[in-house]
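Both of the next two complexes hold subunit A, though its partner changes from subunit B to subunit C.
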Partner chain A sequence: MSGIEETRLRRAFLEESEELSQKLGESLMALEADRANALLVNEVFRLTHSLKSESALMGFGTLSELAHRMEDVLGCARDGSLSLGKPVMDSLFAGADLIAEMMAAIAKGGSDADFKTGDVLQGLSEARGNGHDRPPAPSHAAPAQGGQPNEALPGITATVEAAPITLGAFEKLQLAEARDRGEDLLRLTVSVDEGEPMKFPRAYLVFSNLEAVSNVVKVVPPMEGETAEDSVYGRTTILLTSGSEEEVRRAASRVDQIAEVKVERCRFEAFLSAAAVDAFIVPVPGLWTAGAFAGGGPETATTSAGQDEQARRSESPEARRTGPVEKTSIRVDTRKLDDLWSLIAELVLHKSHIARLSEDIGRGKDVHTVREELVESFDSLDKISSGMQQTMMDTRMIPISVIFSKFPRLVRDLSRKLGKPVDLLLSGEDTEIDRSIVEALSDPLTHIIRNSLDHGIEFPEERVRRGKNEKGRVSVTARRQGGTIVIELEDDGRGIDAESIRRKAVGMGVSGAESFTEAQLLDLVFLPGFSTKEVVTDVSGRGVGMDVVATRIRGDLKGDVVLRTEPNRGTRVTLLLPLTLTIVNALLVRGDVQLYALPLTDVDSTAKLVSAEIRGEEGHESALWMEEEIPVYSLGALFGSGRRRTDEYFAAVLRHGDRKAYLVVDELIEEREVVIKPVDDLLNSQKMFSGVSVLENGKLVFILDTSFIRREHF
Partner chain B sequence: MRKRYVSFSLAGGRYCIPVDQVLQILRLEDLIEIPKPPPYVEGVINLRGDIIPVVSLRTRLDIAGGEPAGRGAPDQRKRRVVITRVGGKPYGLDVDEVREIVEIEEGGISTDATTMFGVRADFLLGIAQREEGVYMVLDLPRVLGTSREIPGALAGQ
Partner chain C sequence: MGATILIADDLSFMRMIQKEILTERGYTIAGEAADGLEVVEKFKSLRPDLVLLDITMPNMNGLEAMRKIFTIDPHARVIMCSALGQQNLIVEAIKAGVKDFIVKPFKPERILSAIEKALRV
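And now, the complex of A and B:
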């Protein structure tokens, strides 16, 4: 196998198997709640089986063996010879955890062989031995390497005779281009040996060989993304275009255990003309749209959009290079791509329109008429470009369930470990959020939930004593509110006593703590010095590391986190996050000649300040805002030559957490969207900016990071 | 092994950097001033949507005062910005004049006597002697403070 092929296979394996591994965890959770559910047993069985096959193909023997042994246990459960008691479930959970760890290690370039599986394998085999309701069937006593009885599973093994080929808009375009290049269109039907226990790997090898010598347009069943049950790959249909039929035949026949490869030449028109295409597709009522770019059913396909999210983040190149296999492909709903495609079609239309207009001018056509048409065309282009921007943004959005789905398991394990029974309520899992934010959100959310169980929720006896339900309750909800995602994590635990925080703060010498409002006191929990264990444990309620949460949410994600609590009633942590990190709604302001953007999430309101209202000496000024004394900064003083002296000032009221401040500006310009570009550290030595943006007129706008309010204050 | 270097002049002195660190050479136009820059950052240029800081090598290397007699003042028509890529990020270097590509033997860069040229020695990879004169070979990661050996080299400025 060539290096490139191996890398590709490895990447495909990782992409597949990470998902399988995640689903395995989820399905086990579901199975634990509903152990008699035969469908779930089947599902878990199928997942372990797929993991076994895929890892075996890649030579990950330790991982494969573990999956194999889990599959054995599940096989017994499925045929009714084993009941799913607690020890069996625990051993399966342990196995699933270990698989997830191995996957993580492999993704980082490590090996599954570094893991000790002895204990888990022992647990699995004991579970199988003890849980037997009746003696094991002989076939399970000595499981044959590879060969598994799943081919006999009812309902999921129906092999498709002649797989219908559905082509999306992009694939049709590929075909049209290949036709124009004069290539041949070939349909290959690949049959794997009946006796071959693992069909997918064989078919995949053929596919992979073909990709190297031709342009594979479509594979049914799919080789990437949502793959089907292994046995379905007994027959695979591959549609490809190539300059050399001979080369294709050779490439396809280089794989063992392939019974037959049938190669047929096809006419491009059969796939390209709208009428004929219908013959190949399975119509889905109500989901088809007419038109040149119609295509793509309701399925979700895997699309390599080549999005390197890592690169967008400010990580150093060294940090990015930690793993040899980077995740650079993303899953995108094909409907989003179809939307984008139709926008591109419109764009092309307008391009030729403008070209024609310029010819018109050359031919001496009336300038005013041309001008009107130009203005019209521009308006359309404007709509198209914002539509494309929106659609591209949409492709970056994924449902937050990706993270939420890990919580049931987290809460289950913690609740057992701590001896605190807890109900977890999740809602709003389908709320969509930028995928780069999702990745960064997992740790802080996990941390907050851990804290809730660790420190918030009381032990059952104590809860009963306080007149509460013996079982604790933790709820996690997500919802979209305008341009902001709101995530609330709430528990009905003991809450936090704000006054004890005040005592602690005064003791630590936090200036002004004596007169802090409750909100200000609670915000102290997010300060580094404050959330150390010693301090917080006797303050009661909140655990270690809330400062890390705050840094991630407020710093990295440009969001906000607010804590509310009521002693004996519980605690609520609210996260406010921008929909995306690349575009921000901002208030544009001017200081001297320079433009600045203040993210609207950080702007409470705008105000007019009369100079007589400003108290204190320069550098330490303050003014009243809603009966609260808040500091007054000015753009001029922060970045320029100082503030101009006038009687009246325009100011934005900034908020960062619970802190507010006036920011005096020379001009309040407008609210608008700006596209954020990273700002080099050289330009940002004071860490005052979260990015820069370039306006249409080429003017540079610095996006202000309002966290300086907090820094200056302490 | 000979390596290729882009040579340029600054206040009459000859400097060079490896050719593979250079992305592009531009006229110094449309420099955008920025608020509160470090002293050696002159501003930024907008190169096809990328915001690139422009560094004054004179200030950074502290050679503004050390001009050989009568040759210090740059000719504005010859002034250029050399766009370099260091640590994966682009930076512009404001130089008096871009001269030529020179080839230097790998062993031809001497690390002796680097303190004799009025430039901070830790900013130099070394000195290369050629027929037409002496070239100072710049250690760009250090000059731009992206070198890992001197973390925060720019922070205190």
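And now, the complex of A and C:
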């Protein structure tokens, strides 16, 4: 197999298995809360089984063995011979953790073989009861479910001629009936032309033709339901029974763009034999080409050459240890892709239309008519391009549950470790957010929750003394508010004493700290150097690395973080995040000759300011907005020669978190979308811009990072 | 005289190319249609041996038009022309009984070999 194919396989494996591993953790949590739930036991069993099979296929023997032992334990729980007591659950949790660690190591290019599984395996086998212990599984891979030795698993070598097929009970029944009718059992291997751009429909057409003349028993990869990606259908294996081989051949060959259809007669017994009876199939989307099926071969069993290859591969360290595989593929709701495709189809249509119009002009067609058609076509193109943009943006959105789902486990473990019973409430998990933001959010959220448990929530005795419920409460909610995602993390712990922050700040020489409002004091927690553990733990018991959280949220994600607290009642950290990072709706303004864009999420309104309303001296001006005195900045003063003096000014009212400010501009131009591109550090030494954008006319627009209105206070 | 073929595509340019390819090979162009309604009408009156049908057309898309054609003649031979990415539509068309499909942009020999195979049935 080529290196590229191997990388692709690893990638597919990682993607699939990481999800399985994550689900395993979640299902175990659910199972712990509801141990008598047979469905959950089955679910966890299925997950360990899938992990076992997938890792065995990839030659990750240590991982596979671990999953196999967990599956054993769950098998006993499933058939009622083992009850899920604490030691059993703990050993399963330990196993799930180790699997997650192995997956992480494999993703980074490491190997599962670097992990010591002895203790966990010991724990699992003790949990299961010594009486049932079985000899250890082969070290490189676990046996398949049906008692098949693992050597029978076709390896990741893609030299297998056709994917071996294993059948379920229903399919076997079909075979038995066909045999009784005296039909032939045929296995077809259909190869689509390399050049065919759409392989799935091509293979589907063959399948559909075959269905008309025969009894199709099984297709690999599957044609209905959960289908694999298009390229995988370059080769399809179809098992069918028929009274006329000739008719089958004809039906298959009627389709164009088919490179080859290989027809093999098979013995019914090969598929109905005892060995194949209980074989358990785990479909592994993305791994089909590698022949992800076990057991039930054709007349000729899996070749010995294939076995040698498999054995060699399993032992060779290269099989397990290649370079890090970056996770570059994403899962997208296919409906979103369908939308995109139909838009592209329309686009192609209009392209030809416009080409025809230019020909029309050449042929001397009336220019007015052509122009009208052109305008019409342009309108459509406009609609199509905004549709495509919207759909493309939609494909970037994923539910925040991707991160939230990790929290129950985190809280469970921390709460045990610290001896603080805590209830975790999650809500708004289906809120969708840009995937690039999601990835960057995981760490800060984990950090804040950790802080809540570590420093916010009191020990049970202390809580009782303070008249609180013995059990602490942490809630995490997400919701969308216009163009902003709001995530709130709240605990009912001891809170933070703002006054002691003030004392600390004054002691550290923070200018103006004496007169800071509570909000300003709390914001100090996010400053680097201030929120070191010693300092803040002394004050109130919170703040390990809150500056890191702030840097990530305010800096990298262009969002904001606000802390609110009430002593003895608890603390709430609110994160405000933009929906997406790449395209923003913005207010285009001009200062001197330069254009600037103000993200609409940061613009409250626009206003006309009369110079008499502006108070204070230059550089420290303010004016009333509603009933609030807010600072007045001006683009001219920030970036140019100063504000020119007139009686009346145009201004945008900016907001960042709970702060507001006027920004005086020379011209309010329009609201529009701008595409954000990274800005050069040289141009951005003051960190005033979150990016630049280039307009159609080639003009450069600076996108203002309005968080400066917060920074200016310090 | 070669088999008769009805061409349906809303782009006259596309019809022109197809016409050229087919007549050069000796097929007879039974007629042309620029939208779904028209192709159904023309199929009724012309009864061609085969229909080359674009999947996206105004007034009645190719898929619907094909279904209508099958109600007129269940054995009609229809080849669908589609753009890349209309995979789901094609699968729909296959379920509805299309004989073959061609993905745009195509080479002349693609149309010809698909037509030859479909006509052999």
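Methods note: the second predicted complex is superposed on the first by the 432 of 714 C-alpha atoms of A that agree within 3 Å, B and C clash if a C-alpha of one lies under 4 Å from a C-alpha of the other, contacts with A are read in each partner's own complex, and residues count from 1 in each chain.
The criterion applied here is as follows: a contact is a pair of C-beta atoms (placed from the backbone, for glycine too) under 8 Å apart; a residue touches a chain by one contact, two chains touch by 3 or more.
Please read these numbers as outputs of a predicted model, since none were measured by experiment.
**Q** Touching A:D230, do we find subunit B (first), subunit C (second), both, or neither?
**A** The second partner, subunit C, only.
**Q** Let me test your reading of the model: by the given contact rule, A:V679 touches which partner, first (subunit B), second (subunit C), both or neither?
**A** first
**Q** Have a look at where A:V692 lands relative to subunit B and subunit C in the superposition and call it first, second, both or neither.
**A** A:V692 sits against subunit B, while subunit C stays out of touch.
**Q** So in the superposed three-chain picture, is A:M626 touching just subunit B, just subunit C, both, or none of them (first/second/both/neither)?
**A** It touches nothing on subunit B or subunit C.
**Q** Considering only touches as defined above, state whether A:S352 meets subunit B (first), subunit C (second), both or neither.
**A** So A:S352 only meets subunit C here.
**Q** Go through the superposed model and pick first if A:S208 touches only subunit B, second if only subunit C, both, or neither.
**A** Touch status of A:S208: second partner only.
**Q** For A:V375, using the defined touch cut-off, is the partner it touches subunit B, subunit C, both, or neither? Pick first, second, both or neither.
**A** Neither partner.
**Q** Please work out whether A:F702 is in contact with subunit B alone, subunit C alone, both, or neither, and reply first, second, both or neither.
**A** Touch partner of A:F702: subunit B, not subunit C.
**Q** Tell me, which parts of subunit A touch subunit B in their complex?
**A** It comes out as residues 316-318, 591, 594, 638-640, 677, 679-683, 685-686, 688, 692, 694, 698, 700, 702.
**Q** Help me check something: in the complex, which residues belonging to subunit C touch subunit A?
**A** Those residues of subunit C that touch subunit A are 10-14, 56, 83-88, 90-91, 94-95, 98-101, 103-104, 110, 113-114, 117-118, 120-121.
**Q** Considering the complex alone, what residue numbers of subunit B touch subunit A?
**A** Answer in residue numbers: 30, 32-38, 41, 44, 46, 49-53, 55, 87-89, 91, 144-145, 148, 154-155, 157.
**Q** Sort out for me which residues of subunit A touch subunit C in the complex.
**A** Residues 196-198, 200-201, 204-205, 208, 230, 254-257, 338, 341-342, 344-346, 348-349, 352-353, 355-356.
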